[in-house]
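Residue numbering begins at 1 within each chain, and the chains themselves are lettered A, B, C and D in the order written.
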Amino acid sequence: MNFNIWLILAVFLPIACGVLILFFPGLKKRNLLLGVSFLSLAVSMLCALAVIAEGKAELHLLQFGGSLEVYFHVDPLGRVFAAVITVVWLMADIFSCEYMKHEKEEKRYFGFYVLVYGVLMALCFSGNLVTYYMFYEMMTLTTLPLIMHNKSREAIMAGLKYLFYSLCGAYLVLFGIYFLNRYAGTLDFTAGGSGLEAAGGHSALMLVVVFLMILGFGVKAGMFPMHAWLPTAHPVAPAPASAVLSGLVVKMGVLGIVRVIFYVVGPEVIRGTWVQTAWLTLTLITVFMGSMLAYREKVMKKRLAYSTVSQISYILFGLALLNPEAMTGSLLHVVFHACVKSCLFLSAGAVIYKTGKTRVDELTGIGKEMPVTIWCYTFASLALVGIPPASGFISKWYLAGGSLESGIPVFSWLGPVVLLVSALLTAGYLLPITIRGFLPGADYDYEGLQKKEPSGVMVIPLLILAGLSVLLGTFPNPLIHYLNEIIGTLF
Amino acid sequence: MAFVQNVPFFSIMLSMFSGIVSSILPGKAAKRLNTAVILVIGAASAWLLSWLMRTGGSFTFMMGHFPAPWGNEIRAGALEAGMALFFCVIMLLSMLGGRKKLFDEVEVTKHNIYYILTDLLLSSLLALVYTNDLFTAYVFVEINTIAACGLIMIRQNGRTIEAAVRYMIMSLLGSGLLLMGICMLYDLTGHLLMSNIKESVAAIMAAGTYQIPLTITIGLVTVGLAIKSALFPFHAWLPDAYGYSTVSSAAMLSSLVSKGYIFLLIKIFYRVVGFDIIVGSKIPNVLFLFGLSGMIFGSISAIWEKDIRRMIAFSSVAQIGYIYMGFGLGTTEGMVASIFHILAHAATKSLLFVSAIGLTDVSAGSRNFFDLTGSAYRNKVAGVGFSVGAMSMVGIPLFSGFVSKLLFAEAAVMHPTHKMMPTLIVLAVSTILNAIYFLKTVVRIYVPEKREVEAEKGYFTMKAGQQRLYTITIILFILINLVLGMMSEPIIGTIETGLIHFI
Amino acid sequence: MFGSNLLPNLGEVVAMILFGIGFANLLLQKNLIKKIIGLNIMDTAVYLFLAIKGYIEGRSAPIVVDGVQEVEAYINPIPSGLVLTGIVVSVSVTALMLSLTVRLYKRYHTLDLDEISSRLKKEGI
Amino acid sequence: MSQYWIVAAILLPILGGALTPVLPFRSRRGMLIYLEVLTIATSAIVLTALSRGTTETLHLVYFVRGLSISFRIDGLAMLFGGLVSILWPFAMLYSFEYMEHEGHEKIFFMFYSMTYGVTLGVAFASDMLSMYLFYELLTLVTVPLILHTLVREAILAVRQYLYMSLGGAAFALIAIVFLMVYGDTMEFTLGGVLNPAVIGGETNRLLFVYLLAFFGFGVKAAIFPMSAWLPQAGVAPTPVTALLHAVAVVKAGVFAILRLTYYSFGAEFLKGTWVQPIVMGFAMFTIVYGCSRAVKEQHIKRRLAYSTVSNLSYIILGASMMTPAGMVGAMAHMVCHAFMKIGSFLCAGAIMHQTDKKYIYELNGFGRKMPVVFGCFTVSALGLMGVPGLAGFISKWNLAKAAVESENVMAYFGIGCLLISALLTAIYMMSIVIRAFFPGRDFDGRSTEGVRDPGWKMCFPLLCFAAAVIAIGLCSDPLICFLQDIAAGIY
């Protein structure tokens, strides 16, 4: 087995550092803490980048019993996810250096923050389902402290809710893994799936199993029947945490589904079966319902969380269509949504950090007070709504196109409709903040207004993320090409 | 004819005469005589048993000069000899164990009477075991009854006398039925000697005449003996009789008297009527039902009982149920199991009675279940004895009760018909019930009582040194239990050979 | 044919009826004395039964008066022997019962057994 | 030769224990040393005997019907005996510190070490009757241990335990007799001893008898209708609860069921008959029932006891699949659960010993004060939840694998039950952990003043067990292979 040091470091260095930060009694002084955490994060990110750059690498780490094995394997898809994560994670970390001032127990926060990065890397690079599941569980457990960070009662309750929902999902997945272990050729991820030859007469059973797994990962991705935890859990976390949570962590559910459907089971197995239909239905319901709830929500972070619910289901919808174009859309949306949503959350965080205002209707004239922030916010939301040339447009275009050409009855036209409606809703729930922010109306007292622009440490990440969310939409071709290569191997 | 063949006759006579002699002896001498006699007879029966095992088979002993059809006979086989030996051992131990209590409870003038009664009891038991003549059996049944009645009422307070009266009434009903049955048998067959009766009964069966009278006769005899040995529905007299008489009496009554009747019943089954005919007449099924219900109801009433002596008494109702259930199976295995249970139960039950008395003594004489708290610490020997007895009753391996339970179960499993499952289930259930009331008591006596309570209630502690005789008795009892439990193979062998020679 | 068997066995029938009466008395009567009487009736019934069994029409008791004659002259002696033994037994038993009764009566001034036991319960011995 | 060693190992603790109250120890310390040496010596003997395992049978005493008390070392015996002999010295060490203030030490330790011998007897008994003998003895020997505190509920608990246990044994006896009559031999032989020639048309009756015996032994294994005694018995001192009611006694019940199923009646005879669904159904119900009761329970030890109830039924579920794989799964969970549950119980004991707190809601914020204890507790909790990389995952994996391979639809639902109970496990275990580490904002430190970790005598076993849980989780191959050999009848 070729022993790839970078891979090891990328995964285990952050974990080790995180544990050290947690248990090392020193690090009393804030700057020292920030320094250490940032340094360790940076180093591990370099390793990760090295891996990403190198491209192909695999590593059989250890065999813990029977067919159970921790096995890492870097493939293009993993690279994409890893890259996105790395970037956003870095931004959020910089942001939190400032933001976390007004939270307590930063030691724990940063410790886990670094730790989770390692876990996510492991998820991106994991080469078989067992490894994926292992780190998936670990992710659930390690993100928990981030959610429960301020120990308010609701935070703890939200944390428990998160825990139990995610475990519920994880166990559904595990249920599936048990069966795939028997009937699938192998649990290793092979592009296009190894098929279910062994399944023989158990196709009905297999369908149930696959559906359960979709549901299971769907929990993390906030898909309809099991989405309730997301709007509760994400907002209570500190803003940077909720940014990465709803920008990246939820994507791990998506990644899981992709891995199962396109890398183990193979899309052909469920194409045209009731599983696909059910899945599509669920995603569409989620898309619509998520936007509706977001529209009706008054607390800003909650509103963003609901929007996450619906946006992730865009991605899932694209996957469920099981055709290349739609899938391109989905993967694009993965990338874009990561940048956009984290940007939105961060700006919301900035607002809270400066003004302490959480409800939307308090934000009249906020644009006057902190223009840069709100401009970033505006660009990001435009991207999310899908105004060309901002990024969201591209992905939605592919999604719509894919669904139209997929030729699945009803859904082929119902899909785009729903997408459009929810895009309108998105505009409806995001833009008012900008508008009211910059145009507070006549009765706003301009005397009382003072500038509350946050310091550069907070602004720069915002700018970068906002910029990314626009630019990626303007020059998407390299990304699209790369994704097309990946997808080419899957169908 | 070998000299050893005189043993049965002489042992009967010896005990009877010792009884007569004791009437003019003072208490102590009577006591010594009684002990000696029991020892001698026990030794003799052991000798006889060994001889019989060596030579195999059995022999009949003609009394007087009249040959078989007219004269009176004694018959001895391995089973009889073994039974006699066992009865002697148990009786000896019960006497020893209860001796101290006897001195406390019975006034001095009555002591020699007590020993007279014991001797008579022994002789009648031996006669029941050995006799080959039905009417003799009847006479000795009556003697047995009278002696038992005396043993019950020797401790003269209202309770015991009342108990004695109840006992008398029930057993007189029983013996009345028995007598009637015997007379009808005589009427049917014209014989009184078991072997002859058997022949002519076989003839009758072959001829196919007198079916109903025969069944009625068997029924009369069986019911009569069942009443006397306190089979379930006829057990009303038992708790008082066992519960209030002095401990030796209780031990002997529960482990010897009733067993004597049961043994007589077995003899009648095998040697008088013939086992196949018995099974043919549906009598065993009735016994089976009564046995099963006895196993359950005896235990249940024991659970409700708050008086420890009465509790043990009720438990022997349940155990007798076991025995009759074995009869009721109507197979040789069942019979073997029953006979083994006769031994096991006798050993265990007398142990329980004797140790229970030790426990009640140190609890200011109170027999109430709740006053026994911690008594096992006040009288360790009794505590151990009681625990062993309880475990054996519950059927923990290594103790006698387990083996008999195993045998019963095996007999049931080997049983061809539908009796299998009910038996097994009832066995298990009754085990649970036994566990409930016995182990409840064991736990209770091992939960220490507070010092001040003990002081105020006037409890005291009894060291093993202060009660040597008692201690030795208990130890011997326990040993018997263990022997029955762990080396049961030869004993069962003896029983089986004995049953074979019975026919 | 029922009736036909009835008449020749009249004695046995009577014995049985008596036995039943005695049994019932011994079992059911409250009064101890009556119980004892019942007991005696029961025993007597049995003796009657035995006597009838032993009796042979037109023969004399097996007591030698004028020289031993051939067997046909005598009735069957064994039942008579049994009756004698039985009488002895029943006498002794009756005596015992009576003595017990006397004792109980001295203590409790009643012959009702249930009454006595209820009092014992009160005494709580 | 080595079976004589086994006899020695059985007798040594029994006699040595019986001597404890008699021997004139100069100090408590002396007694403790004596006991520990005794225990370790026994374990050493056992392990050496196992290492040069022979399969000859040693007949000790013959009693009725040619039945004998006899011992043999076969696979299952090696497993159970080895397990017990590894755990006992640690628990003994732990109890030294725990029992300091409980009083009646001599009596306690006397019976505690006697139990060791008796348990070994159960393990190494080579036929049904010998096992029955030691099984009964086990019941009796453990009574004083439960009774130890002599409070009223202890007495009630003991009564319930006695009645149920002995009653169950009584039903099991029926099966023993049937085996006497219908089997070739009483000796345990993998694949069953029943003689088809003798059985003839009696199959159904035998099956019924199996059911009786199953529930008879099921009393100690705490199958649903007979599980009530286990939580009641929690009044005993913690070392007893931990070792006996998590390992020795209850595992003896499971062990007996395995013996009954695989070594006496034979899996082939039972597989696919009408008893299998019944047995499996009861196991499944118990799994869920135990967990849900545990969730409702507020008393720490009782909660753990209920969790034991459900975990025991995992094992029985494995056994009830009537396949070698199922047996492997069952045995695997036997081992893993032993370590995890004894670990968590000892932690609970340590908590109660240090803080006198008995209820979950009193545990706020102890995590910081007693890091070692709660660290170990967390490990075993995660293990019980079945987080990958810990022991629990391995056993569940094997169970589920067996279930899938058995291709028995009911077993599929069995997997479902496993996962549901895993979720519930998460609920009732994690709620403790989170309480301890995240006391909530309104928590004031006064209630945890002066609380700290116990001494080494207590901490050492905890750490060892936690380490064992992790070790098994990370490298289970040797164990699983060993178990597979057992199931294949190689030992």
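Worth pointing out:
By our rule, a contact is a pair of C-beta atoms (placed from the backbone, for glycine too) under 8 Å apart; a residue touches a chain by one contact, two chains touch by 3 or more.
Please read these numbers as outputs of a predicted model, since none were measured by experiment.
With centres taken as mean CA coordinates, the chain nearest to the overall protein centre is D. At the far end from chain D, in terms of centres built from Cα atoms, lies C.
Chain centres here are Cα means. That of chain C falls 68 Å from that of chain D. If each chain is reduced to the centroid of its CA atoms, chain B and chain D end up 44 Å from each other.
Averaging Cα coordinates per chain places chain B and chain C 28 Å apart. We define each chain's centre as the mean of its Cα atoms; on that basis chain A and chain B are separated by 85 Å.
Under the stated contact rule, the graph of chain-to-chain touches is a line, running from one end chain to the other without closing. Looking at which chains touch one another, you get A-D, B-C, B-D.
The touching residues of chain D, counted against chain A in their complex, run 382, 385-389, 394, 397-398, 400-401, 403-405, 412, 415-416, 419-420, 422-423, 426-427, 430-431, 434, 438-443, 473-477, 479-480. Against chain D, the residues of chain A that register as touching in their complex are 62-66, 68, 130, 133-134, 137-138, 141, 145, 148, 150-153, 156, 159-160, 163-164, 167-168, 171-172, 174-175, 178-179, 181-182, 205. Chain D makes touch with chain B in their complex at residues 61-66, 129, 132-133, 136-137, 140, 143-144, 147, 150, 155, 158-159, 162-163, 166-167, 170-171, 173-174, 177-178, 180-181, 205, 208, 212. For chain B in complex with chain C, the residues that touch the partner chain are 70, 135, 138-139, 142, 145-146, 149, 153, 156-159, 161-162, 164-166, 168-169, 172-173, 176-177, 179-180, 183, 186-187, 192, 244. Listing the residues of chain C that touch chain B in their complex gives 19, 22-23, 26-27, 32, 35, 39, 42-43, 46, 49-50, 53, 78-79, 82, 85-86, 89, 92-93, 96-97, 100-101, 103-104, 107-108, 113, 116-117, 119-120, 123, 125.
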